[in-house]
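Below are two complexes that have chain A in common, paired first with chain B and then with chain C.
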Partner chain A sequence: MSALQRSFRELLRYPSAIVGLIIIAGLLILSAYTLITIPYREAIRLWRGGEEVWYQNPKNAGPTWFNYFTRRKLSESMILSSKEGLGKTISQDSQGNNRIVISFPIDYSFDTFPLDLSIYFTSVYQDKPPHVSITWLTPDGREIRIGDFSVKRTQTFRLAQDSKLLRRLGGQSPEKGLFAKPNVSPPVPLKGEYELRIEGFTFEPNSDVDAEFVVYGQLHGLAGTDHLRRDLTVALLWGTPVALAFGLLAALGTTITTMVIAAFGVWFGGWVDEIIQRITEINLVLPFLPILIMVSTFYSRSIWVILGVTIVLSIFGGAIKTYRAVFLQVKESPYIEAARAYGASNLRIIFAYLTPRIIPMLIPQLVVLIPSFVFLEASLAVLGLGDPVLPTWGKIINDAQANGALYQGYYYWVLEPAALLIITGLAFAMLGFSLDRIFNPRLRGL
Partner chain B sequence: MNQESARLPNPSTAIGGDGRGDRSDAMLLSVQDLHVWFELKRWGFAHAGYVRAVDGVNFDLRQGEAIAIVGESGCGKSSLMKTILGLNRPIKGDILFEGQKLSELRGRSLQWYRSQVGYVQQDPYGALPPFMSVRRILEEPLVINRVKDGEERQARIVKVMEEVKLFPVDDFLTKFPHMLSGGQQQRVVIARSMILNPKLLVADEPVSMLDASVRVEILKLLRGLQESHNLAVIYITHDLSTVRYFSEYIFVMYAGQIVEKARVNDLLRHARHPYTHALLEATSDPDAKNAEVFKEVPPGEPPSLVNPPSGCRFHPRCPHMMKDLCDVQVPPDFEPTPGHFAACWLYR
Partner chain C sequence: MNGVSEEALPSQPSVLPAKRARATTSTFSRVTRYTAVRLVTLFVTVVIGVYLTILIANMGGYVDQIRRGEIRESVGMLVMTDPTFKTMPTEMRQQRIEELVRLQEKRLGLDRPFLVRSFNYLSNALSLNLGRAQNMTSDSGSKQVRLILLERLPPTLVLFATSNLILFFVEIFMALYLSRRYGSFLDKIIVALAPTSSAPAWFYGIFLILIFAALLKILPFGGMVDAPPPTEPLAYALSLLKHLILPVLALAISTIFLSVYTWRTFFLIYSSEDYVEMAKAKGLTSREIERRYVLRPTLPTIITTFALNLITLWTGAPILETVFNWPGLGRTLFRAVGLYETSVIVGSTVIFAYLLAITVFLLDFIYALVDPRVKIGESGRP
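Right, the complex of A and B next:
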């Protein structure tokens, strides 16, 4: 125990180890945060739910922090909803009919036009649907009538698809016409306070109407969206615990089992060792990736099945030969002979006398091995063999590649998961190399 | 569990109880016609002969008696020792410990035997697991021999460390082997061999890897332990100069056989076997005269143990070789003077 504490204190002398530890701690905190705030079911709903979950998001929008780095501010997504009571006032006339006024203020300060505009209505009525009239007020005082119609229980009003509005705006599509400075060509957005005013009339006592105005911008959320309007934040966040769990479990599973098997082979020798050696040699010439591809194509693409197959195929890997070489040397040490002389059992010798000698060698290897399994999972996902349900980093890259993200200039779509993969790999590598120096002091001079 | 342990002699009380008084003359260890051969294989499976490491060794050891086994490297003394420790299986012959055949011991009775035999190794650093503290090293034999009570374990560790003079005990308990000097490491090794209160101590060149200044202290310590615990000791060495310190008998081993047995002083003064003469000649004393004297050493090398020479195994190197006798017939043990045995045809 004190030896471990000493190693840890020594670790803090290496700046790279500190940076690595900080990043790993950050990733762990991020994972914990994700698992608490977006539980599994919620993540699956957000990632696989369907149009009704994503309708408010723009397609292929970049992350909002783009604007921090550009002088020309790109339009950001805005969602204004009266359901939470925003800008909604209700008054009653003498006949008992409600007059509902919904007023959305829009502070537009971007240099580009939004991609699209939609109003989603929901209303409550028995027989007579409410009637709405929509007006657009610009900062320079113009008033543009958008439309008058009665609304069904749920109704989507896409401004771009309304031919009357198009004519009223002089042939300009509404997302441009409504925000443009008048009489400037090519059109330039006018910055300032806009207002969308919806006047609704209900004709029944309990009738009500609500509206949700969505301005689809070129930028959306922390991470942007993909071709299905899904928010990439969910996938990036959920990819963290999945990647770490996969890497850690695979690395732990393989190194520990490999070590124990190597120790058993060396200690019992004879045919036990022979069998282990032959299995290892056969396994070493088996192609790893094609087998994984076969399993995921014909059997299951569940991440747990892939994890299991990865561990099983890696157990009898080259490491068994390395460990065996060390164990063969340790087996002949006088202290093992002494342990046999005072009656230590085979299992006790393997676990209390043989394997502790290899732990210093094993810890750095284990840490360096973690990112390689994270990358493996990502590579499989990029090849289209990722888990069909869970959102992971590799799946984002796969989606991006399948939808030509790089041809179309959606760099964020590839670079965000790639950056997280690189950071993860770097953190574990930095920690691993420092650990290697501590546990193998001969490397210190290098 | 309790019933089982009641049937077996309790290792912690065996010495203090009935062991010492009236039974001190009884044979503790009896090695009978012991043959330890290692099989040689060709292509991994075909039999290709044996290495006859130990080939017909007989001797008896009483409680409290110390013997030294002397011989050059490869003469089979280590194989003999490992067989006594139960690490090698003899191909023929047997070892009796307090009348029980070692080959018939199984499970808990074998464990009991192992607790009765302590083992001091040659290389003190290699003999201690580098990742265990001194406390853990000394605790291991107790844990393995089912001393479950933590306080009792602690008490026994402290007691044995005081016996080997590792003071102050508390400072040493938490140390790791690499923090100790060679002499301290060897004291820990001796403490570990003594912690189960054995009746027999097997010491394999316990001082050969130590500084000359520490050797005498360690030998004195072993001598003291032997006397206070009435231990039987098998002291294995190639160095005749350290034998005198605590053994009463010397057995000289050559090519897997014991060629001469005698009391220490008798053997050192009146060596009978030609090989013993050669061995004594080769022992160097720090004497200025030795620089000018050329020592007669028998020509040739130790024989192959796969195909040992016929008759007396020393005959190809022996200056007194008698044709048609030494190279044909195996010499039996002759007794030129009472209590002094030599397997040499010169004394027929």
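Right, the complex of A and C next:
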């Protein structure tokens, strides 16, 4: 134990190792948080969901923190719903009919107009649908009638598609006309407190009406949205455990099997060793990436199948020769002789005496390997061969590429997953390089 | 791609069991014997590797079923649209369809079992008789696999040969320079930047596209030349150069720091040998020390890396080429997989396998030439 502690204390002398460790710890916490708050099924439901899940989000909206860096504040998304009782008052008239007033206050302090406005109605009734009339109150005291109609059980009212409203606003589309300063051209938004007032009349005892007002802004949420209105935070969060799991499992699986196989080859020698050497050479001929591409195109795109194939193809990689060279030296050590003399079995010698000697060499390699596998998964996803179900960082980049994010200026769409990828890669690489210098005495001080 | 260069590093001439023949008669027979055995093992390796690729690329015969389905569908369509079949009675039409399907299957050799054909494919591939593609054509309209691959070779060579060659020499010289003054500020920067190479080239490519193409608008997003391609040779070259900058830069950023760091450490380890100290004590100039005592013992490694670097050019880089829209071999291979075009996949693999086998074979002799301590056919180096 003390050796381990000593190594750890030595590790803390390298600033890059400390930074790496902190980032890795942060990523692990983020993964745990993700797995707890968004369970697997929920993540898939959200990521595979269409309009019915994401109707409240604008398309291709940037992240809201964008506004911290610009003087011109872009419009942010707002969702106001009366279902939680927001701004809803109910009064009864003499005939037993309900008069429902829903009043949404909107504090608008942005320099650009929203992209779109919609009101989603839900109502409860037997035969006679409720009737609503909608008015818009501006900060400078104007009152604009938006519309009167009766609402069905679920009804979507898109303001931009209402031709009467369009005419009333002098030909300006509602998302501009409602927020614009009067008689200014080109139109600029008027900042201040707006109010959307919905008056509903129900004609049955248990009838009710609810409304949800969605202002689609240019910015939405912590991470923005993609072309399918999906909130990118889901995929960014879920990408973390997937990337870490893939990287860790692939690196662990590869290095440990390689080590064990190299140890067996050296210990038993002869034809066992010969076969292992030949397989290594054949493996060199096999095209690694094309085979992975073939497997994911022909057989399965499940991330776990890809993980398995990656491990199988990497086992007989170059590392086997390095380990073999070390084992060949260790095999001749006196303590192995001693073990043989007291009658230790082959397996005991391999696992208790041979393999532990290589662990110091193995750990740095393992840590350095992790980012390459994380990026491998992302690479496959960028080629469009990512796991069809799970949201991952690479798939976000692939979506962004496929929809021309860079051409159209949706930089956040590429930069967010890319930033997470490079942070993860750098963290493991920095830790691994420091470990290499500690465990590899030839590199000490270089 | 990095993996390969490390993998073959220690491929020492140690295949034969140690058999110290008598010094007088042995040299010639030893070398011949070694050469023969080495050639046979390498050929067997290539055969097994290519056969495995054939099996994988055909999904163990499943691609045949896809082909059969395609044939049936296309024949069905043909019969449906052909007016002469309309008047035929149903039975006759059915018979005719079966006949056409059988003919097509026979044309593609699908009437024989897959296992038999797989060996056929193998012998064809090994004799570099690459055959014809089913679904892919070269830009000039040929279905010959050889032409499809050859047509894509120049773009890949232009991109990867230039960048790999430049990078290789820049790396070696920078590493030598740094090993001479290690601990300097520049050295520390390189060591600190080495972890950035954990990201692949396409990753940096995206950033470069974002900065230079999308934001600054001074370089193209991708492609190899402007569209339409300039007719004048000079304008063509300039256009090509302009399109080369970003992918080459991406390749450079993704490899240079780690490689310089590795080479520098490698040279440093050799510089701390006793004989180098001795040379220093003798008062030799640092240039001479480098040439005689550092570069010479490291030459086999440098050559191996260089040679393997050259062969990996053949596979291209599917993802970098996709990101930059570069019409190279890597993207062709990727497209071939998507179209179940096994002939192209196998063709590319068999050429790579041969190139690799030849290089590995030649390297053994080159080792013996540059390093007098190595003797061909003897076990290991002293």
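Quick note on the criterion: the second predicted complex is superposed on the first by the 446 of 446 C-alpha atoms of A that agree within 3 Å, B and C clash if a C-alpha of one lies under 4 Å from a C-alpha of the other, contacts with A are read in each partner's own complex, and residues count from 1 in each chain.
Operating definition for what follows: a residue touches a chain if its C-beta (ideal position, glycine included) is under 8 Å from a C-beta of that chain, and two chains touch if they have at least 3 such contacts.
What you see is a predicted model; the values in this text were computed from it and never measured.
The superposed arrangement places chain B and chain C next to each other on chain A without a clash.
Of the two partner chains placed by superposition, A:Leu196 touches none, neither chain B nor chain C. When chain A is checked against chain B and against chain C, the one touching more of its residues turns out to be C. Contacts of A:Ala61 after superposition on the shared chain: neither chain B nor chain C is touched. When both complexes are overlaid on chain A, the residue A:Pro334 reaches chain B alone and has no touch with chain C.
When the shared chain is aligned, no partner comes close enough to touch A:Ile306: not chain B, not chain C. Of the two partner chains placed by superposition, only chain B is touched by A:Tyr342; chain C is not.
Looking at the shared chain after the overlay, A:Ile100 reaches neither chain B nor chain C.
Of the two partner chains placed around the shared chain by superposition, chain B is the only one that A:Pro356 touches, whereas chain C remains out of contact. Between chain B and chain C in the chain A overlay, the least Cα distance found is 5 Å. Taken together, the two structures place no residue of chain A in contact with chain B in one case and with chain C in the other. Here chain A touches chain C in the complex through residues 16, 278, 280-282, 284-291, 293-295, 297-299, 314, 317-319, 321-322, 325, 368, 371-372, 375, 378-379, 382-383, 397, 401, 406-407, 409, 411, 414-415, 418, 421-422, 425-426, 428-430, 432-433, 442-443, 446, going by the rule given at the top. On the chain A side of its complex with chain B, the touching residues are 2-3, 333-335, 337-345, 348, 352-353, 356-357, 359. Of all residues in chain C, those touching chain A in their complex are 3-4, 6-11, 41-42, 44-46, 48-50, 52-53, 56-57, 59, 62-63, 182, 192, 194-200, 202-203, 206-207, 209-210, 213-214, 221, 265, 268-269, 315, 318-319, 322-323, 333-334, 337-338, 340, 345, 348-349, 352-353, 356-357.
Residues of chain B that touch chain A in their complex: 82, 85-87, 110-111, 114-115, 117, 119, 121-123, 126-131, 140-141, 144-145, 174, 176, 189, 192, 196.
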